[in-house]
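Letters A, B and C mark the chains in the order given here, with residues in each chain numbered from 1 onward.
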Amino acid sequence: MRATVSALIRKDLRLELRAFESVPAMLMFSVSTFVLFHFGLDRSSLAGDLAAGVLWVTLLLAAVLGMNRLFLAEREQGGFDGFLMAPVDRTALFVAKAIVLFCFLVAVELVAVPAFVILLLEPDPGQALPELLAVLLLADAGIAVVGTLIGALGVQTRARDLIVPLIALPLLVPVVIAASEASAPLFAAGGADAFPARWLVVLALYDAVFGLLAYAVFDFLLEE
Amino acid sequence: MATTATGDSFPAVALEGVGRAYGERVALREVSFTLPAGATVAVFGANGAGKTTLLRILAGLLRPHAGRAAVLGAELPREAHRARGRIGLVGHEPMLYRDLTVRENLRFHARLHGVDERRPEALCEQVGLAARADDPVRTLSRGMTQRAAICRAVLHAPELLLLDEPLANLDPGGAVAVAPLIGRAAGPARVLISHDAEQGLAEADWVLGLRGGRQAIWAPAASVRLADVRGLYA
Amino acid sequence: MTFGRGLRALSIASAALITVAFALVFFYAPNDADQGFIQKIFYVHVPMAIVALCGFVAGGVFAIKHLRSGDRADDLRSYVAIHISLVLAVGVLLTGSIWARASWGHWWVWDEPTLVSFLIVFLLYACYQPLRFSIEDPERQARYAAVFAIVAGAFVPLNFTAVRMAESLTHPRVLSTTGGAMPGEMRLTFIVALAGMACLFVTLWRYELASKSASIQLRSLKRRLAGDDGLAPLNRSAAPQHL
């Protein structure tokens, strides 16, 4: 299982590095959205709730771009068949793709979050960095799990690009709630407030429940 | 007949009354035949007769809706996992990632199947792809891509080959180069879809003719005339 | 496969319970001190919400059964349950909106976590039929719909918890009744209303199952008479068309 997962991850990362399709697009989209928010809200700097909301909505919408493309190569280049005929545990595909989407999200955030801080954030979040990282990682895990499942669900339907965001966004509302509530105090105008750790618990719970659920049902999406 | 460790022998393919429908459209109906291990069956039929559906059922990619099917001794779909990794499929799609090189694609498939990574190298040499092995698949001509696809299919030394017009895009040199891999002398049992009646008949031990999803011919190749095969397309 | 058993008894029971519930609402339950008569919409809104949520979860349970057994009848049951619950969810949003307007002056209140959760759940389940419609192969349609129903069914409780946590910490609930335990008259009325709504759901569910399975069986009989090519092909549909 581990060998299969590692082979799949290496293949996907190599494809991304070769073709540069997902991560740059997600990144450019994020930065453009920050600019849009600046003009849409007519604000030059944000703090607190508003900052957290703008950041998380943008990251989520960027993630949707990544979800749509996650299984595209498999679908269009006959990759599903090749995998289905191999003597491997089929759930390895879910694990590998979720890890790949997680890596894409982390890669995007490595640039997008500093961009957000520079462009839109008023207070300096430097002291709260470890907490912010914790929120980002947990939220990314939830987005990766749900995104992989819905990406696989959508890639075989006809209205692929439309159905994925329509289904994934409501499912990810708890992530947005928890991540925003957790990071809002970190962006507080007068310097970071107390960190509401209970939201990390909510995120972890969400990740666990959906992780297990997705793991259990994913195989059914691959059968014919 | 191939033999298992316990000495039981099983045919490569054994179908009995197999059927498959897409919604209300019946693609295959009452297909029954037994293919001994190591033998070749040539499958003929017009477009839409059910040949690709049959191939995908044998590959374990489609579930039969009726009848019983056993491939390499494994009953489908219940025991399909036992046949996985022992079947090689050359289909319409090359099943290669277009942005990866030939070598990377083959290495990936080698890892999936647990095959030594030197085997792709040897295969590339054999089919004349060694010079282009580091080029992305999307830069290859259709003939070269087909050669790479054939390498991918035989990488794991399958016991059953499912070939959907494997020589379609190959020049005569290419056809000669892949013959030791997928030709009669290669060894495994073969299910060969071909529109070239003469060539198909020459290659095969058995002939399966499909018309409208139904089995019209099942006979040893020697007893089938060219006219019978042509009649399937009428 | 007969789905039509007990329809008459169920219909009568539903009609009776709903009539009794209406009578209780109008004549028995007390008027709310703050909100007045309009508060009685609570007796429609909350039972509808509870039944809709149970319907969504039931859709998920039947979906699990379908995946395990491959039985298309379970897919039909799941589809109908979700379908009817979606209609009820629209009703929940409408009655909740009317209630909010009457008691708070706005057509929508973000402070009411149940209403907000319902909006999210509605947005999610509104994708169920488009998803089914976009998959042509009936087997795959049933399978993918089942995966969706299971994930969405598991999502419902998580969503309610998360939204409630987010809202209740800052705002008190605006659409709640008395704020504490319900007095006896209210409780009785509420229970009867809930029973009536649940009965109505099951009745409608059975009716739709019977109707759909009858047309499926009718079509398969027609096919046997006319031969495979004798009938015009089915149009694409989100609803299951084969059993």
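Definition applied: a contact is a pair of C-beta atoms (placed from the backbone, for glycine too) under 8 Å apart; a residue touches a chain by one contact, two chains touch by 3 or more.
Only a predicted model underlies this, so the values are computations on that prediction, with no experimental measurement involved.
The touch graph of these protein chains is complete, with an edge between every pair of chains.
Each chain's centre was taken as the mean of its CA atoms, and the one lying most distant from chain A is B.
If you compare B-C with A-B, the chain pair joined by more contacting C-beta pairs is A-B. Our note on geometry: chain A versus chain C, Cα centroid distance of 31 Å, whole angstroms. Between chain B and chain C the centroid-to-centroid distance comes to 49 Å (mean Cα coordinates, whole Å).
If you average the CA atoms of chain A and of chain B, the two centres end up 40 Å from each other. Counting partner chains per residue, chain C has residues 136 touching two or more of them.
Counting only residues that touch two or more partner chains, chain B has none. Counting partner chains per residue, chain A has residues 223-224 touching two or more of them. Listed in rising order, the residues of chain B touching chain C in the complex are 22-26.
Residue ranges of chain C in contact with chain A, taken from their complex: 67, 120-121, 123-124, 126-127, 130-131, 134-136, 140, 143-144, 146-148, 150-152, 154-155, 158-159, 161-163, 165-166. Within the complex, the chain A residues that touch chain C are 149, 153, 156-159, 163, 166-167, 169-171, 173-174, 177-178, 181, 198, 202, 205-206, 209-210, 213-214, 217, 220-221, 223-224. Here chain C touches chain B in the complex through residues 136-138, 223, 228, 233-234, 241-242, going by the rule given at the top. Contact residues of chain A toward chain B in the complex are 3-4, 7, 10-11, 14-15, 18-19, 73, 77-79, 81-88, 223-224.
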